[in-house]
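Each of the next two complexes has subunit A plus one more chain, namely subunit B in the first and subunit C in the second.
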Partner chain A sequence: MNIIEIKGITKYYGDVKALDNVTFTMEMGKIYGLLGRNGAGKTTLLNLITNRIFPTEGEISIDGGSVYENDKMLRNIFYMTEKNLYPGDEKLKNIFKWTRQFYPSFDIDYAKGLAEKFGLNINKKVKDLSTGYTSIFKAVAALASNTGIIIFDEPILGLDANHRDMLYKEMLANYNHNPRTVIISTHLIEEVAQVLEEVVIIKEGKLVLKQSVEDLLSGAYCVTGEASKVDRYIEDRKHVGDEKIGNIKTVIVLEDIRNKDKVLAGELELELSGVQLQKLFIALTN
Partner chain B sequence: MFLDFDSERPIYLQIAEAIEDNIIRGIFEEESQVISTTEISVKYKINPATAGKGVKLLVDEGILYKKRGVGMFVCAGAKKTILKKRRENFCQGFILPLIDEASKLGITKEEIIDMIEGSFKNEYH
Partner chain C sequence: MNTSLKVTKYQLYYAYKGVAIFYSIIVMILFGIVILSRKWPEGVTFGGLGMATVIFIYIAGLDWFKSSFRFAVANNVPRKKFYHGTIFAMMALTVFMAFVDTVISAAAGRVISYESIAAQLYGTVTYPAEFLWSLGLYALSVCLGWLTTVMYYRAGKAARFVIFAAPVVFLILFEYIDRRTGRALSGAVIGFVQRAMGFAYNNNPLIGFLSLITGAAAILLFSYLFIRRAPVRD
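For the complex of A and B:
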């Protein structure tokens, strides 16, 4: 089933609180985006899910069983870390063989096929790879892991536009072929917005929201117009992300787009438009 | 098939409309197979749940049907169904916004009618 339950997780590093009483659940077979600004606690959370560090308080379980030193469960989670943790002197093809030792579901032929598509030479050593190809190598290993849960932490670091395009397509082809739980943590939100089914947004160690992308985007819209008129429109409406250029103001109204008041907007000569995930993210995490 | 990710219109609706457009234009013929949810997902880099929702909408409206283990096909009479629906929406979707914009700009009814007639002449003669 692979339901991930994060219950009341708090994590301190010394005196620094990295995560503060975070609780949410991830269901099986969905692609999640884990979004947050630098230092929000994303990687800490991923390290906790994969039992690389331990929570100060709270518990993480998968299908009801704790992840704490649970090897059988951890073999079903592949974690592509942002940092390169592979030994520099080892050849890529040997690392594929090792990976299979730890992850019995790892598909070496698929990994080799992907490497060829991306132009990744598996006879090279890890230390001889560029930043972009290090990312590609790690992502290929993750995709080929064939585990029930795959976590990508900043998978597209250093990739050019063509390789990013290819990687998103391979991720989706892989997921379409074999639906599993995928967690993508990234800064490049706009690119990945449509790939995600749900997003988890954290800010300063706290959970801001967990929602489907569709609900999130249909629960907000932009209003633009003369500042005083925009202010009249938003008087009784929840709003974020005010921006002003000269006398023109844009705000994001947090209400269902079906409830927008077209008549009032018409009277006040305001433009109503959709909101992009990235814009909403910035407004919610500022 | 063009999808505008910046648009306010949900992506699944855009997918449904794009498939409909292709049926109207005869690119997807009745009783022939259309692009699969997986193909839409990979080609346009969108979540398969979104692609599936767009396709399901057309299945519910009797425009597409599923052949088990083969894929999605265009229903017989789909083109007629779409044209009927689109014609019913034409006034709401195109004429009313046109009148709205015209009144904002101070364009009169007579001027609109002149413009429409002029445009028809330019287009067809």
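For the complex of A and C:
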């Protein structure tokens, strides 16, 4: 099933509260985007899900079983970290072999195939890889792990545009072939938006929202036009992210567009348009 | 295969090359000694190769944490499994090296005038007793190495300095108190060591073995306090 339940998680680092009473559930068979600004608590949350650090309060479970030192649960999660934890002196092909020891479902042939596609030389040592190829190597290991839950923390760090595009396609192909729970934490929101089904937004350690990308984007729109007219339009409407260039103002309205909205916008000579995930994210987390 | 045993396999995989090189050097030295003893049959006595093993296995203990812990974390291995797996690896290496050293001791004793550490300390010892005593000594040494590295890994800058300086401070304090007590402290320590190592009981190496193994077990239990919630560090 692979349902991840996060219940009342609070995490302190000394006096600093990194996560504050975070509660939500992630269901099986979805690709989640874990979004937040630097220091929002994303990596802390991922580290907690994978038993790498421990919560100050609260509990994380998968299908009802706590992840705390639980080998059975942890065998079902592969976590590609931003940090490289592999021994620098080891060849990639040997690391694939050792990874299969710990993840019996790890598909070495698939990993080799992916490595070839990305131009990754598996006879190289980890320490000889560039930043981009280190990311590719870790992403290949994650995709080949065949676990029920795969977590990517900044998977596209150092990748060029071609490799990023290839990786998104491989992620989708892998997911379509074998649906599972995928969590992607990244800063390049606009690019990754195409593969996400749901987003979880964290701000200063607190959960801001958890919603499907489709509902989120369809429940918001941009209004652009003369500043005073935009101000008139947004009176009594829930809105975020005011942007003003000269006398032109753009605001994101957090409501569905109704016919009367279109009529009013027409009367005020305002332009209504769809909102991009990245713009909405910036507005919600600023 | 159980996750702990996979950790054991991984740890031993990264140790075997070092062990092979170590014994290659030991065998070369022994050959050298045998050649020398043929030239001067009366003048060459040799012994205590086990001390080299004690140092080697201590270093192996030092080397068995940071990199392997990070790799274990990369593969979501719970700390408890990593801890158990590493203990199994340490014990396997200890048994292997104690066995090989006992075989070397037996073989060298037939060709040259050779005395193992156990024989030097206890006088005549049987090979099983020598094996067990070496096992205890190596277990203590590897566990000490591991504890050192685990403590160092968990420590902050100030605590690292304390770990580094503690032996020196301890020796200075020991000498100071010993002098102030008219050497009563060193007398008590020597008495304790003589009893713990079996010298006070008819030079019994088996008592020494039990004390060494108990010490190793105590160190391992203490190490767990540091492993239990160890974070990933660079």
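Going forward, the second predicted complex is superposed on the first by the 283 of 286 C-alpha atoms of A that agree within 3 Å, B and C clash if a C-alpha of one lies under 4 Å from a C-alpha of the other, contacts with A are read in each partner's own complex, and residues count from 1 in each chain.
Criterion: contacts are C-beta pairs under 8 Å (C-beta built on N, C-alpha and C of every residue); 3 or more make two chains touch, one makes a residue touch a chain.
For clarity, every value in this text was computed on a predicted model and none was experimentally measured.
Asks: After the subunit A overlay, clash or fit between subunit B and subunit C?
Replies: Here the two partners, once superposed via subunit A, fit next to each other without clashing.
Asks: In the combined three-chain superposition, what is the angle centred on subunit A between subunit B and subunit C, taking C-alpha centres, to the nearest 10 degrees?
Replies: 150
Asks: Once the structures are superposed on A, label A:Val195 by its partner contacts, choosing first (subunit B), second (subunit C), both or neither.
Replies: first
Asks: What is the contact status of A:Pro87 with respect to subunit B (first) and subunit C (second): first, second, both, or neither?
Replies: second
Asks: May I ask you to decide whether A:Ile257 touches subunit B, subunit C, both, or neither, giving the answer as first, second, both or neither?
Replies: A:Ile257: touches subunit B, not subunit C.
Asks: Now for A:Glu267: first (subunit B), second (subunit C), both, or neither, which partner does it touch?
Replies: neither
Asks: Scan A:Gln101 for contacts with subunit B and subunit C and give back first, second, both or neither.
Replies: The answer is second: A:Gln101 touches subunit C but not subunit B.
Asks: Taking the superposition as given, does A:Asn176 touch the first partner, subunit B, the second, subunit C, both, or neither?
Replies: Once the two structures are laid over each other on A, A:Asn176 reaches subunit B alone.
Asks: Quick one: is A:Glu57 in contact with subunit B, with subunit C, with both, or with neither? Answer first, second, both or neither.
Replies: It touches nothing on subunit B or subunit C.
Asks: Looking at A:Ile77, would you say it contacts subunit B, subunit C, both, or neither? Reply first, second, both or neither.
Replies: second
Asks: Just to confirm the geometry: in the superposition, how small does the C-alpha gap between subunit B and subunit C get, in angstrom?
Replies: Minimum over all C-alpha pairs: 28 Å.
Asks: Using the touch definition from the top, list the residues of subunit A that touch subunit B in their complex.
Replies: 30-31, 165, 168-169, 172-173, 175-177, 179, 193-197, 213-214, 217-218, 221, 257, 266, 269, 273-274, 276
Asks: Where on subunit B does subunit A make contact in their complex?
Replies: Answer in residue numbers: 5-12, 37-38, 41-50, 100, 104.
Asks: Subunit C touches which residues of subunit A in the complex?
Replies: Answer in residue numbers: 50-54, 69-71, 74-75, 77-79, 81, 83, 85-87, 98-99, 101-103.
Asks: Which part of subunit C faces subunit A closely enough to touch in the complex?
Replies: Against subunit A, subunit C makes touches at 1, 3, 6, 9-10, 67, 70-71, 73-81, 229, 231-232, 234.
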